[in-house]
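Labels run A, B, C and D following the written order; every chain starts at residue 1.
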Amino acid sequence: MSHNTFGHLFRVTTWGESHGPAIGCVVDGCPPMIPLTEADIQPWLDQRKPGGSRFVTQRKESDTARILSGVFDDGDGPVTTGTPISIMIENEDQRSKDYGEIARAYRPGHADYAYQAKYGVRDHRGGGRSSARETASRVAAGAVARKVLGEGVWIRAGVVQIGAHRIAPDQVDFDAVSGNPLFAASAEVVPAWEAYLDGIRKAGSSVGAVVALEVTGVPAGWGAPIYGKLDSELASALMSINAAKGVEIGAGFDSAGLTGEENADEMRLDLNNQPVFLSNKAGGVLGGISTGQPVTARVAFKPTSSILTMRQTVTRDGEETDLRTKGRHDPCVALRAVPVVEAMAACVLADAFLRHRAQVG
Amino acid sequence: MSHNTFGHLFRVTTWGESHGPAIGCVVDGCPPMIPLTEADIQPWLDQRKPGGSRFVTQRKESDTARILSGVFDDGDGPVTTGTPISIMIENEDQRSKDYGEIARAYRPGHADYAYQAKYGVRDHRGGGRSSARETASRVAAGAVARKVLGEGVWIRAGVVQIGAHRIAPDQVDFDAVSGNPLFAASAEVVPAWEAYLDGIRKAGSSVGAVVALEVTGVPAGWGAPIYGKLDSELASALMSINAAKGVEIGAGFDSAGLTGEENADEMRLDLNNQPVFLSNKAGGVLGGISTGQPVTARVAFKPTSSILTMRQTVTRDGEETDLRTKGRHDPCVALRAVPVVEAMAACVLADAFLRHRAQVG
Amino acid sequence: MSHNTFGHLFRVTTWGESHGPAIGCVVDGCPPMIPLTEADIQPWLDQRKPGGSRFVTQRKESDTARILSGVFDDGDGPVTTGTPISIMIENEDQRSKDYGEIARAYRPGHADYAYQAKYGVRDHRGGGRSSARETASRVAAGAVARKVLGEGVWIRAGVVQIGAHRIAPDQVDFDAVSGNPLFAASAEVVPAWEAYLDGIRKAGSSVGAVVALEVTGVPAGWGAPIYGKLDSELASALMSINAAKGVEIGAGFDSAGLTGEENADEMRLDLNNQPVFLSNKAGGVLGGISTGQPVTARVAFKPTSSILTMRQTVTRDGEETDLRTKGRHDPCVALRAVPVVEAMAACVLADAFLRHRAQVG
Amino acid sequence: MSHNTFGHLFRVTTWGESHGPAIGCVVDGCPPMIPLTEADIQPWLDQRKPGGSRFVTQRKESDTARILSGVFDDGDGPVTTGTPISIMIENEDQRSKDYGEIARAYRPGHADYAYQAKYGVRDHRGGGRSSARETASRVAAGAVARKVLGEGVWIRAGVVQIGAHRIAPDQVDFDAVSGNPLFAASAEVVPAWEAYLDGIRKAGSSVGAVVALEVTGVPAGWGAPIYGKLDSELASALMSINAAKGVEIGAGFDSAGLTGEENADEMRLDLNNQPVFLSNKAGGVLGGISTGQPVTARVAFKPTSSILTMRQTVTRDGEETDLRTKGRHDPCVALRAVPVVEAMAACVLADAFLRHRAQVG
């Protein structure tokens, strides 16, 4: 894995800055003969794109994906050819504005200081490379990964906590996610959450959240010990999403409070004499290998760092100053992370599928 | 990263099964001219080795590391030569016993079923490759990584939760860890925890735990966007440890409950006019790059799956059965994970150091 | 290294087909703060671009490189930021023509059959991904690599054999290369070679060639045993160029005919008491590590497979047929490979430089 | 690929020095359920081991391979388990001798100076890591690779040129190789070659050679464009062998002298209506992908650098001196490279097989 590439066999390289001419990705290692057009990608990008509701940034981007390579129509419709799939998304709303202040001052909670400390230079326009805009490329790649996995693997995510408001585990309903602008995994919570988030938004503040992930249809046997464990790679992929601060698999941090009796998922045979588990504390992964149960994970996101409240900071010239971050921002960055979480899971699983097929046939 | 290798430039490959003749690792990419002998490795192995107290497995292993390559003494004492360092640890206590039952039946919570489903075969003796015994190799590699990092980087970990017993964040004292057999990060909790864990142990049960990690001395600038983020790589490395079910950086899952004002670590200048942060919710990482603050993380471990209580399971021959896992086991596998957490952090950081030096000089 | 990516730290991913909308590359791992604009790239592309003389394909392409990311101007001119540099070259002359015949029949000597056998589908338009057009991306990446290496490393290549016509080793003059349309490393041979190649061209035939490479200014110590040897990586990179069939380093195949006495490059001290070699049979590499002498290599290229002469072949439908490959072709594909050889060497060396800096500081 | 590891899915990491306690390799990514014991490895090591004839070094090594992990016998004999296979070979004849001279002086033609320049230290005992002894690990790994490939893929190599003595291409007979101590690919040349090499040996000199490789049974479709080409990876692997200075595929450097008509391998249908080629100038690879024809390559080796003739050199202390390299050496290092060439080809092909299966199924 290099810095801007992830995956072993299904490999995704992304490029581009928030306010450059375009962003994009190159998906390498995709199997051939998979039908693929821009129409397979666009719906997922539309989920993530800005401007969709008052709860997300008002930046205007159509996020139109264009496939530049790797697909060929030999008469039966476009299919992948096994060669790299280059996807480009042009930036349309690089609003011209005065970046003078944030060019100098480090926005607290942002990557500004860290980039400057590392590279001695940073593209400060909208966060440059560290902008969440980069995640559009991931969503595009994830759309390709879904095609590799096929319809048997069903990947769903939704917000299960926002600030102090939580959806109880037994109330999580992924079917509700697409029906509300908060990506909430429960229809019931939406009115209260909207009111809460409106308050946050109007205050120029922001709030953190937790996104839950569930993948069904993963057969037993994917993933690989010891340093290619499925849960390890999910953790890496999900933690790489902007603002992610924690990842847990299955019972996660709650496992620490359990006894061995409570934690061990017992097994029985189903009507077809196939092994089944009677619970899923493991989150579908044991020893880094999928068990056939749903793969479940949760990702914690910190609040959007860009807030209107004045905060103390310093400048690259070594002066103390106070800064409020004006401009267009998401009051809860985790909302638009939901399709990104799904996309990253899709890419990790497509990669695990190909690697399993390689080793075991 | 391949399945049994991790790291980009400081690369560790481990091999070996619980009850084979030996286990070991090959550390590649180590800088040359670093003094290194087995005495630099052994103390860390001694921390992890079994048999040290009644709270860990009674397997008898000296865990003696032997360096087979990559070090040369040209008169001034042994130093690394820049070539691969092969380290071997012989298995001494492959106690001969009847594996008949667990050769057939899948132990709930263990990797048995997943390995069998993936490979069609598994070394069932003591868990084979999936045994926590593999982590001794990681500890050996971590000892080399510490030498690469030098004394300025200080890596410490300790148990901060065991079952329902927690150490409050402001009570965490890493200095206490080496002074008690529970690796607890507080001297005060030890008597109560010992009593609690004795109960667990005598009941033939087990319990989960949380290990906290703190690394000081990491300069600003290590790590790399986007898919080589320092926190992403820590998450991958820590989640790859046996029984790990969750990883969080800085405020972690608590971030979800914070507002932007609470979460953003404000900055000021110190007496030397250097930027300082007034808090560390970020856990020392922003945009995937170290900020110069302590790197902090927490890892959740599930309870040891091997318990004496009878559990329902199935056999590889497709029969239902009940199983209790006899033998030598840790009542809380997380205790001995403390040196492993430190070792994985050391390896990730040594790798980040070399990669930073490569790109930025 | 994945399929469409090469390099470890200075990593190049290329994408695009001969007759798709565009081709391009993503260069990852480039150090920051290096001045870089399209003007640094274009001159190298101009060397390789088609239509420059009657000895190369008459396809009309301006081969205009556009940098889409990874460069930022903070007031002192555009510099690299350490983030991925995406470079796109639009295809302008995807001449619409009847591909019916080569869509069905495999062109002898081309990759048509192999791609079809592997993938079950191929983009037959102009060779698709296997077209030498892909090498424009390499040349663009090579231009970035040259900036990383700086002016102290001087990379030159030229044609030293075309068909049966050879330039004697002691007559090779790389200064002559830019002054003639044949990229010949000797001004004297040009008239005879032009006449010879005109004959080949008019006959609708083609011919093979050998390109020599010489890199000066590489310090001692770059490269790494055992599987990252500098000569091994050069061999891989050069052999990956379209139509390459052989690579040799230093004395190469002639080494087989030498005695140990003839082959060993003896050493003495120069006026500054620095070690010097009295000959360079090794081609600047010993044990896979640079010695400080010029790095020398030679690459053999087969004749262009597209010829007007009718050849026997089969179709994907399992019929025998005869085929002549009409269209625009280079009578000697190796001529335009000269800038590609240089570019690949630049990329390999930039990568070796960064890796050496990582490990040794 | 890191420095001491090669391969993508079938990955080999080697370690160890000439005069350390042992050498070895870790083979990762091997498919499970392949019968494997030390008896599958030893015969190949026996081919390469020293002391077998007067034409190779008289060092006494049994080169006994010991499998330490990755294989398990569950009742039907030992099979691979899909986990890393660690193989160790102990060094038995680290003859204690005075290394004083070569510890100080750089042996011309050896890697001594390059290692010292790179690392600032080198294990000078017998060449340390740069010794050809390392290739025993490759041969062991190659034995595993052969098991992965199965008996359908037949890998053979032999010496076809030694000094000025060549075997004409149409006289090459790989069946003859195992019947003579020179690994010559022709029984007829053996008496003359033995006399020639005896002369070289008695003069304390050495000579170069060319080894030819032929692999039959590789199906069409293995290998991958663009930077994972089968010929590119073979070139890398073969050039990484000690003393290799050139690699060519198929017609190789002779391609430069051919016309397009001569070079293009025409196609017809065989009796089963399957495509066949009427010649094999391509060496079984087109566009980096196997064609189903035999994969053919040739590797040039320089003469052994260790000779008894006095040569000029310098010391690490900056003094000029003259040096003759006493001790046990091969008069023609290429002879024992024959099994190494085969082993590297086996590893590259096993890796290509797994990668093909991953992407295409």
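By definition in this document, contacts are C-beta pairs under 8 Å (C-beta built on N, C-alpha and C of every residue); 3 or more make two chains touch, one makes a residue touch a chain.
This one's a predicted model, so the numbers in the text were calculated from it and none came from an experiment.
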item	value
Chain pair with more C-beta contacts, A-B versus B-D	A-B
Label of the chain whose CA centroid is most distant from the centroid of chain A	D
Chain B-chain C separation of Cα centroids, rounded to whole Å	45
Where chain B and chain D are represented by their mean Cα positions, the distance between them in whole Å	38
Distance between the centres, which are taken as Cα means, of chain B and chain A, whole angstrom	26
Set of chain C residues in contact with two or more other chains	2-5, 8-9, 14, 29, 32, 82-83, 118-120, 129, 225, 360
Partner chain B, residues of chain D touching it in the complex	2-5, 8-9, 11, 13-17, 20-24, 26, 28-29, 32-33, 68-70, 72, 74, 79, 81-86, 88, 103, 118-124, 128-129
Residue numbers on chain D that touch chain C, as the complex places them	1-6, 8, 14, 106, 108-111, 113-115, 117-120, 129-130, 134, 161-164, 200, 205-210, 220-229, 231-240, 244-269, 273, 275, 278, 281-283, 285-292, 300-307, 309, 311-314, 318-320, 334, 356, 360
Chain B residues touching chain C - in the complex, by the definition given at the top	8-9, 29-32, 82-83, 225, 354-355, 357-361
